[in-house]
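The same chain A turns up in both complexes below, where it pairs with chain B and then with chain C.
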Partner chain A sequence: MNALAAILIRDMRIAVRVGGGALIGVLFFLVVVTLVPFALGPDLSLLKRIGPAILWLAALLASLLALDRLFAADHEDGSLDLILTGRTPLELVVAAKGLAHWLTTGLPLIIAAPLIGLLLNLDAPAEAALVLTFLVGTPALTFIGLIGAALAVTLRRGGLLLAVLVLPLTVPVLIFGVAAANAAVLGPAPFGTPFTILGALTLASLVVGPFAAAAALRQEME
Partner chain B sequence: MRLSASDLACRRGGREVFAGVGFSVAAGEALAVSGRNGSGKSSLLRMVVGLLRIASGRLALEGGDPELTIGEQAHYLGHQDALKPSLSVGENLRFWTEFLGGTAADFIQPLAAVGLDALADLPAAYLSAGQRRRLSIARLLAVKRPIWLLDEPASTLDLAAQRRLTELMRTHLAGGGLILAAAHGPIGLDDAKELRLDANPSRLAGGKP
Partner chain C sequence: MALIDLANPTRFLNFANRALPWLGGLTVLVFAFAINQAMVAPDDYQQGATVKIMFLHVPGAWLGMVGWGLMTVAALGTLVWRHPLADVTAKAVAPIGAAFTLLCLITGSLWGRPMWGTYWVWDARLTSVLVLLLLYLGVIALWRTVEDPSRAARAAAILTLVGAIDLPIIKFSVDWWNTLHQPASVFRFGGPTIHPAILIPLSLMALAFTLLFVTLALAAMRNEILRRRVRTLRLMQASATS
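This part shows the complex of A and B:
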């Protein structure tokens, strides 16, 4: 447990220091969402209709930004060698790194979402529903992303490959996240059905992600 | 405790790096692995720690903890120092101490042992190559492991630090430890055994295997 806490604290420290990924993700999210009303013009009903989709897309792209360094940085400086040969199960280390990534990139998005939602003409109940879908759905983005980050670890410019690998896998999360948020904003479809499926997707990714990523890392160690 | 290998072979990228390598090191002994560039010194150490697959041959540890792999009972000091530039010297060592199974209090004394205690709050980005190497050596002192696998440990160290490293290695051997060190020059231990990887003349000449 001690070793996992150490990994979690170290990764969070690195993320919030200069050059870390935490601030970049949330700034990117804010910039993308801010640009949308400028591009579409002041059509309030249109913004309200597409608002949840814009926020979800921006969150998806923002959570990818810091992901390519997640294992690549540890690989380049030799830390990964020590982690691979350590006594702590690799799957748990990967999960701890995923948790640190979510706490530093997913959580700030959730905090920023209600503020930026105002720009897209979302009212209070809609924002509450959106925050709820973010809270349940963004861990899935991180833990699916772990797999791509592990596969791209030995590549010098892994960022692009990472996006190509990960984005298709996140489509279900995007569909049900936006569907749940839209149901709350526009009605009349029920909120519960897509929201439950979103929760199921997250739970599945929490289990599959660390095992798949650990297997990919072991494979690339050779 | 005895670490022994017989008839080890290593293949990388379809090419044979070495074959038929054997050694035996007991507690309190050191083995200096030497050879020209590309002869497989680093590969041999990575094989022992478990980072490279053993193509053929046998590697065994007698008298160790049967529940743990060799790598889990060893410290591996590779070419890279496994330091994060944005963390301070103290934070870096404290992380590895905790990750490798030590307690948080264990990291202060080793920092003094490698002469970096005055720099504990400095970000590791500002360290010189030799200071970085000393910081990663401190990791070996912070958590006790019987086997040390050192890949050219002295390559960036100044003379005083090299002598200090030799002292630390002697202390480790005297405490029943075991050292495998890859090096071009002498590692400073007079009674170290030696293993030359390019003893086979056909590979020495750079010929095809």
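This part shows the complex of A and C:
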């Protein structure tokens, strides 16, 4: 338990210090959302209708952004070898690193989402639904992304490959996240159905992600 | 010769070399008969001649999914038994499965244009098959990025196992979401709902395409084994001269 807490704190410290990616993710999120009205035109009623979808898409891209360094940096400075030879189960270490990644990139997105939602003309119920779906759905993005990050750990063009491998797997999360956020605003479908499926996807990814990523790391580092 | 003997790459090469001409000939024969049957099959009373697109579309869809299923089994072989032939199978099947999935998508959209009035809808079945194609392309990209073949095999195997989640989604998408694509009509409880006049040519075409799949996969596996031997020889030569 101590080892896992140490890894969690270490990863969060690295993320917020110079060279870390914590706040760049939020900045990226803001920039992507800002670009959309330039492409679509500043039609407020249109933006209100597609706002949740844009925010979900931007959050998906932003949480992918920092993932390629998640294991690669540890691989370069040798700490991944120490973790692999250590006594703590690799699956738990991977899960702790995923949690740290979510706390430093996912959580800031959730805090920023209501403010950025104002730019897209979202009203209070839509904002609340969006924050709720982000809170439940973004961990799935991080934990599915872990698999890609582990597969690409030793590759030189890992970042690009990571996106190609991970994005198709995140399709269900995107579908049900946006469906739940839209259901709360536009109706007539109930909010609960897509929202509970989103929760199920997150729970499944919490299990599948660490195990697959740990298996990939063991294979890569042999 | 027992099936287990084929696990040895040299014996597998001998088997492939002997079997390929026969398989190729059989494929051509079955295709000739199946295409003939498909041509004389009656038109649908509503869809007219466009129903014949089904003879390409359905085998493409089946084999696109069979391809990923084979890769999943091979991935277990790679991760559990570290068998080199499993690596070769997974690598050889990926482009073939991708091609059949693409065939399914292209014929489907050509069929959709006259029947649904559009080339593409974001229906659950269509979307999940498109995701399957993207997964195929991702695996192929992974194979082409990692230089060492056995490490590439293990990375691709893990991605294959994770991607296998898409297969049941494709199969049951038409039952879970009630959308434009029709539900299953061949493999279902209570037997097929297609009239024998269409079902028999469809089965023949499926058999012909399966034979084509097996022939192509066997040839690709043979080529991959030879390619690996060439690679090893080159590496030995390079280390001998230096």
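Please note the rule applied: the second predicted complex is superposed on the first by the 222 of 222 C-alpha atoms of A that agree within 3 Å, B and C clash if a C-alpha of one lies under 4 Å from a C-alpha of the other, contacts with A are read in each partner's own complex, and residues count from 1 in each chain.
What we mean here is this: a contact is a pair of C-beta atoms (placed from the backbone, for glycine too) under 8 Å apart; a residue touches a chain by one contact, two chains touch by 3 or more.
Only a predicted model underlies this, so the values are computations on that prediction, with no experimental measurement involved.
Placing chain B and chain C on a common chain A by superposition gives a fit, with no clash between them. The partner that reaches more residues of chain A, of the two candidates chain B and chain C, is B. In the overlay built on the shared chain, the residue A:87 is in contact with chain B alone; chain C does not reach it.
By the document's definition of touching, of the two partners only chain B reaches A:79; chain C does not.
Superposition on the shared chain A places chain B and chain C such that, viewed from the Cα centre of chain A, they span 90 degrees in steps of 10.
Contacts of A:111 after superposition: neither chain B nor chain C is touched. In the superposed model, A:169 makes contact with chain C only, not with chain B. Once the two complexes are laid over each other on the shared chain, residue contacts for A:31 go to neither chain B nor chain C. Contacts of A:161 after superposition: chain C is touched, whereas chain B is not reached. Once the two complexes are overlaid on the shared chain, A:216 sits against chain C while remaining clear of chain B.
After superposing the two complexes on chain A, the closest approach between C-alpha atoms of chain B and chain C comes to 6 Å.
Comparing the two interfaces of chain A, the one with chain B and the one with chain C have residues 222 in common.
Considering their complex, residues 46, 49-53, 68-69, 71-72, 74, 76, 78-84, 86-87, 91, 94-96, 98-101, 103 of chain B touch chain A. Chain A meets chain C in the complex at residues 147, 151, 154-155, 157, 161, 164-165, 167-169, 171-172, 208, 212, 215-216, 219-220, 222.
Within the complex formed with chain B, the residues of chain A that make contact are 2-3, 5-7, 9-10, 13-14, 17-20, 73, 76-79, 81-88, 221-222. Of all residues in chain C, only 79, 127, 131, 134-135, 137-138, 141-142, 145-146, 151, 154-155, 158-159, 161-163, 169 touch chain A in the complex they form.
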